[in-house]
Amino acid sequence: MIEVKQLKKIFGTNEVLKEINVTVKPQEVVVVIGPSGSGKSTFLRCINMLETITAGHVLIEGIDITDKKTDINKVRTEVGMVFQQFNLFPHKTVIENIMLAPVKVRKVPAEKARAKGLELLRKVGLESKAEVYPDSLSGGQKQRVAIARALAMEPKIMLFDEPTSALDPEMVGEVLEVMKQLAKEGMTMVVVTHEMGFAREVGDRVLFMDGGIIVEEGEPKELFENPKEERTKSFLSKVL
Amino acid sequence: MIEVKQLKKIFGTNEVLKEINVTVKPQEVVVVIGPSGSGKSTFLRCINMLETITAGHVLIEGIDITDKKTDINKVRTEVGMVFQQFNLFPHKTVIENIMLAPVKVRKVPAEKARAKGLELLRKVGLESKAEVYPDSLSGGQKQRVAIARALAMEPKIMLFDEPTSALDPEMVGEVLEVMKQLAKEGMTMVVVTHEMGFAREVGDRVLFMDGGIIVEEGEPKELFENPKEERTKSFLSKVL
Amino acid sequence: MDFRWDLIAEYAPFFLKGTLLTIGLSIVSILIGTVLGLLIGLGKMMKRKLLALPFKWYINFFRGTPLMVQILLVHFGLVPLFLGTTNAIVAAILALSLNSAAYIAEIFRAGIQSIDKGQVEAARSLGMTHVQAMRYVILPQAFKRMIPPLGNEFVVLIKDSSLAALIAAPELMYWGRAMQGQYMRAWEPYLTSAAIYLVLTLSLSFLLSRLERRLATE
Amino acid sequence: MDFRWDLIAEYAPFFLKGTLLTIGLSIVSILIGTVLGLLIGLGKMMKRKLLALPFKWYINFFRGTPLMVQILLVHFGLVPLFLGTTNAIVAAILALSLNSAAYIAEIFRAGIQSIDKGQVEAARSLGMTHVQAMRYVILPQAFKRMIPPLGNEFVVLIKDSSLAALIAAPELMYWGRAMQGQYMRAWEPYLTSAAIYLVLTLSLSFLLSRLERRLATE
Amino acid sequence: GTSETGGTSKTGKTNEGGGEKKTLRVVTDAAYAPFEYQDKGEVVGFDIDFVKAVAKEAGYDVKIEHVGWDPIFVEIKGKTADFAVSAITINKERKQTYDFTVPYFLSKNEILVPKGSSIKSAQDLKGKVVAVQNGTTGQEVTEKILGKNSKDLKKFENNNLAILEMKNGGADAVVADNGVVDTYVKNNPKDNFVVIEDDGAFEKEFYGLLLPKGSELKADLDKAINKVFENGTYAEIYKKWFNKEADIQILKDQQ
């Protein structure tokens, strides 16, 4: 469960998030759409404090991460994140990528972490790639490893920042498939994406952001077919 | 008119194009699709000799460009090319980008070239940006300038290599619009793209490439709805 | 430790003279070195390996041996061969120019190679010849990227010019050593010259970083 | 020009001795310089500007003044202050280490900064602390990128060690100068030492490029 | 006699007298032929032979180390060497900071010029380019004629470079100690250099062994030097290096 209250983020003089109020319920899948520069990534990054928050509060499972006393590293283990650029560790093999955080952060014994890692690789369809280095993988495979790596920490929430937009078109499907599976299993997810098919199919709610605010939100079908705001309409007309 | 006869291209030991035979008739719009690495870009680059051709012949308006005696620079002025990464000249303003080749290559007087350039900018909807540098443009604007720049040489043929795949989704439309206009005006075009909507709407013919050969070709509607080859089917199922 | 400020005051005019010569030597050498370096860089980039070879070895020699050897060789070997007499200033300028040319040649090459090859392709696809693409598209961009490393090479050159003291060219370091020889003291002359070099190199770096910032926002 | 090969033959044992000392000096100095450089690099990267300042000025000083000044200062000023006596080898190693440390600090910093910041973000988002992200993710990648510039710094150090001749450390250049002093000839001693330096630096460059290639394909 | 200076090392070897034979650390700048220079790595020269004779007479072993000119003064001031021999001229300024033994060599500066030069005396140096070794008395006397830090004066790190400069045409004359100049001319007749003496312009100078201020070694060494003068060893060494008879009387007159 994520509660975002009056969140503000200013870079220098650029007010990137103006006042964001959102609650993501357990097991909910929220899709965020909006034009480039509207603040979607920044919003996501504020949720696990990759950006310092200028004002407002973010509560993860009831814990206020903007509170100085909160151990942010502990909170982050509860929140997995998948980036547009994968950000796999190139000097480690696929299985090492997955095991690193459980072993070093959670102090899971290496054997157990490996077994868990292999299980996750099986889940994303890559058990045969455990011992190779990321460089030899295709984009779609990299992104699936990145998802497995995030899942290895057993997070309660997963954040996705345009996970398919750096991929060649024929690889988009395999990544979305993994994400759909995850949604079905009841993971709480916040997904920034331009894949409207995915939003329609698995999204519980869509947020349309522009200029640092949430302009409109609603069920996917409703929002895509009957946008209320002018800005939403003009954006959807370009993208759909 | 482009005639490609038994075209082969080998990089080192990697046979990227195996034997390509294609004829593009005047005013025809040919769309090339296919998975990553299938040789689409290489095919396009061979048509205006950005790659040296290993074997076979390419005739542009009847002139064999693989013939050593052919002045390739002269042929290239007949063939405009638009790249995925725009490749605008960052040290020149928009109008200078457009004027450079006409003035230096065709020896058009600067005044005339400028007038022509402004006209082309109007055509792509960017007359107000003539004096700015490319860095201050959005991706979609850059690509439209790149198209105007290629058109300034008054080419008989235009080649497009994934012109929209480096763009944010909401900017794809504006570039495709310019290309549709061009097609309507009767430009001969070869377009590598994943925009199936565009292919359907303006493509006269679709080529599906895989592994360095043209696996299947046909009218867009026909090919998309009734692919004959197994490989075409599996590719289309991922992309559509 | 007693630090004799009076000695520094006494030598101040000489340090001033020396500083001016240091600046002069450096400026002349960086200018000659830049011209030479461009030619050598172009030479090394020639497609025919055999023609490029002498340029490659020029660069290897001047980057692979100490400047001290080069200065002594030029002063006692090369210059007398041509002028019939030694001339410390000529030798210093010659050695510094030849040396920096080797580094500048590489800067030039790196500058050209750093330009995205999409730029040449765009230029060629518009019908420009290779020479036109170089002249109108590649070189203007490469020159802009060369400014920071060239500036850096200038800083290096200012410091390297101190080796001219060994052949008695009366630049900054020469006077530091003369002062040391006269009073048999180490801290005063060497700290003074160090401070002056520092002022020279830091001011240059400062100017360069401002220039870079101006170019960046252009 | 008569070139006296016999003189070179006569001095061959000394050139050999000098070469060995040159190699020894360079190796010891690059090792000390690397350790020091890492510390100084870390120091300069500290978030608190005030704490980082001394490290910044250390780097400014050693990069902004000629090595010749530094060697003379260390030899006549610093070493006697601590040892009570001059010692050319100690002074040479100290000056070369301190000098190269300044450059290595910058190499280190550049190596760390060259790692895509997505790497830290990925590590942090997995719950790693800043130190863990550094240790398991950033440093291993940064070290690999540091190898080429470190190797380059080693080449520079070999050449720079020739300045130790000025304080009578009997390395390669020293014997070149001794030979020149004995026979009053310039070409033989200096071309010989230039050739030896060239062999040293080119072999090192060759080894480095092989190492780089191996690391790249790993 | 013992020395309290640091840097001396006990050899542990005992001589027949039963007392300890100490090894003294002696520093020099071995770039000053024929007084001290390196013959393919070994420090040799008139000064070296002389010091060895004196040390033997005084009952010490010596270890001679080439440290370069400037470091000599650092070492002696810091008492990290017992004494220095390096054709060091005794003068007032140096006496303020250091002790010297009695003089052991008469020296004067001479002018080295190419044959046929118009320079015939010290005054002729005016307007000519002169190369000297930085920090020597040769530099001092030349500066008296040309003016301090004159632009016509080229200061090199050692006399070798100064002479090479003249040989290559970069200087009209070199001013240096007679011992250096004479030996150079003797060993390099092909260069066609001639020596010009100007006793009127260049004062006599005397070399001494340089000691830390207040060194207890001075007495021992002075005594031994006089012995070396008297028993003929000095004349022998002098003859060997300069092929001339030594004038011992003029040295003794200085004491």
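So that you can tell them apart, the chains are marked A, B, C, D and E in the order they are listed, and the count of residues begins at 1 in each.
What we mean here is this: a contact is a pair of C-beta atoms (placed from the backbone, for glycine too) under 8 Å apart; a residue touches a chain by one contact, two chains touch by 3 or more.
Since the model is a prediction, treat every value here as computed from it, not as a measurement.
A.B. asks: Moving only between chains that touch, what is the shortest number of steps from subunit B to subunit E?
C.D. replies: When the steps are counted carefully, the minimum from subunit B to subunit E is 2.
A.B. asks: In terms of CA centroid distance, which chain is the most far removed from subunit B?
C.D. replies: Ranked by distance of C-alpha centres from subunit B, the top chain is E.
A.B. asks: What are the two chains with the top count of C-beta contact pairs?
C.D. replies: Ranked by C-beta contact count, first place goes to C-D.
A.B. asks: Between subunit A and subunit C, what's the gap in Å when you average each chain's C-alpha atoms?
C.D. replies: The mean C-alpha positions of subunit A and subunit C differ by 52 Å.
A.B. asks: Centroid of subunit C to centroid of subunit E, CA atoms only: how many Å?
C.D. replies: The mean C-alpha positions of subunit C and subunit E differ by 40 Å.
A.B. asks: Report the inter-chain centroid distance for subunit D and subunit E in whole angstrom, where each centroid is the mean of the CA atoms.
C.D. replies: 37
A.B. asks: Taking each chain's centre as its mean C-alpha position, how far apart are subunit A and subunit D in Å?
C.D. replies: 46
A.B. asks: Please list all residues of subunit D that touch 2 or more other chains.
C.D. replies: 75-76, 166, 180, 186
A.B. asks: Multi-chain contacts only, two chains or more: what residues does subunit E have there?
C.D. replies: Residues 70, 74, 157, 161, 164, 168.
A.B. asks: I need the residues of subunit A touching at least two other chains; which ones are they?
C.D. replies: Residues of subunit A never touch two or more of the other chains.
A.B. asks: Quick one: which chain pairs are touching?
C.D. replies: Taking the chains two at a time, the touching pairs are A-B, A-D, B-C, C-D, C-E, D-E.
A.B. asks: Under the stated contact criterion, what part of subunit C meets subunit D in this complex?
C.D. replies: That would be residues 60-61, 63-70, 72-73, 75-77, 155, 159-160, 162-163, 165-166, 173, 176-177, 180, 186-187, 190-191, 193-194, 197-198, 201-202, 205 of subunit C.
A.B. asks: Would you mind writing out the residues of subunit B in touch with subunit A in their complex?
C.D. replies: It is residues 35-36, 138, 168-173, 194, 235, 238-239 of subunit B that touch subunit A.
A.B. asks: Under the definition above, what is the set of subunit C residues touching subunit E in their complex?
C.D. replies: Those residues of subunit C that touch subunit E are 14, 76, 79-80, 83-88, 166-168, 170, 174-175, 177-178, 180-182, 184, 186.
A.B. asks: Within the complex, which stretch of subunit E touches subunit D?
C.D. replies: 6-7, 29, 31, 37-38, 40-41, 66-68, 70-71, 74-75, 78-81, 157-158, 160-161, 163-164, 167-168, 188, 191
A.B. asks: Touching residues of subunit E toward subunit C in the complex: what are they?
C.D. replies: Interface residues on subunit E, with respect to subunit C: 70, 73-74, 131, 134-135, 139, 149, 151, 154-157, 161, 164-165, 168-171.
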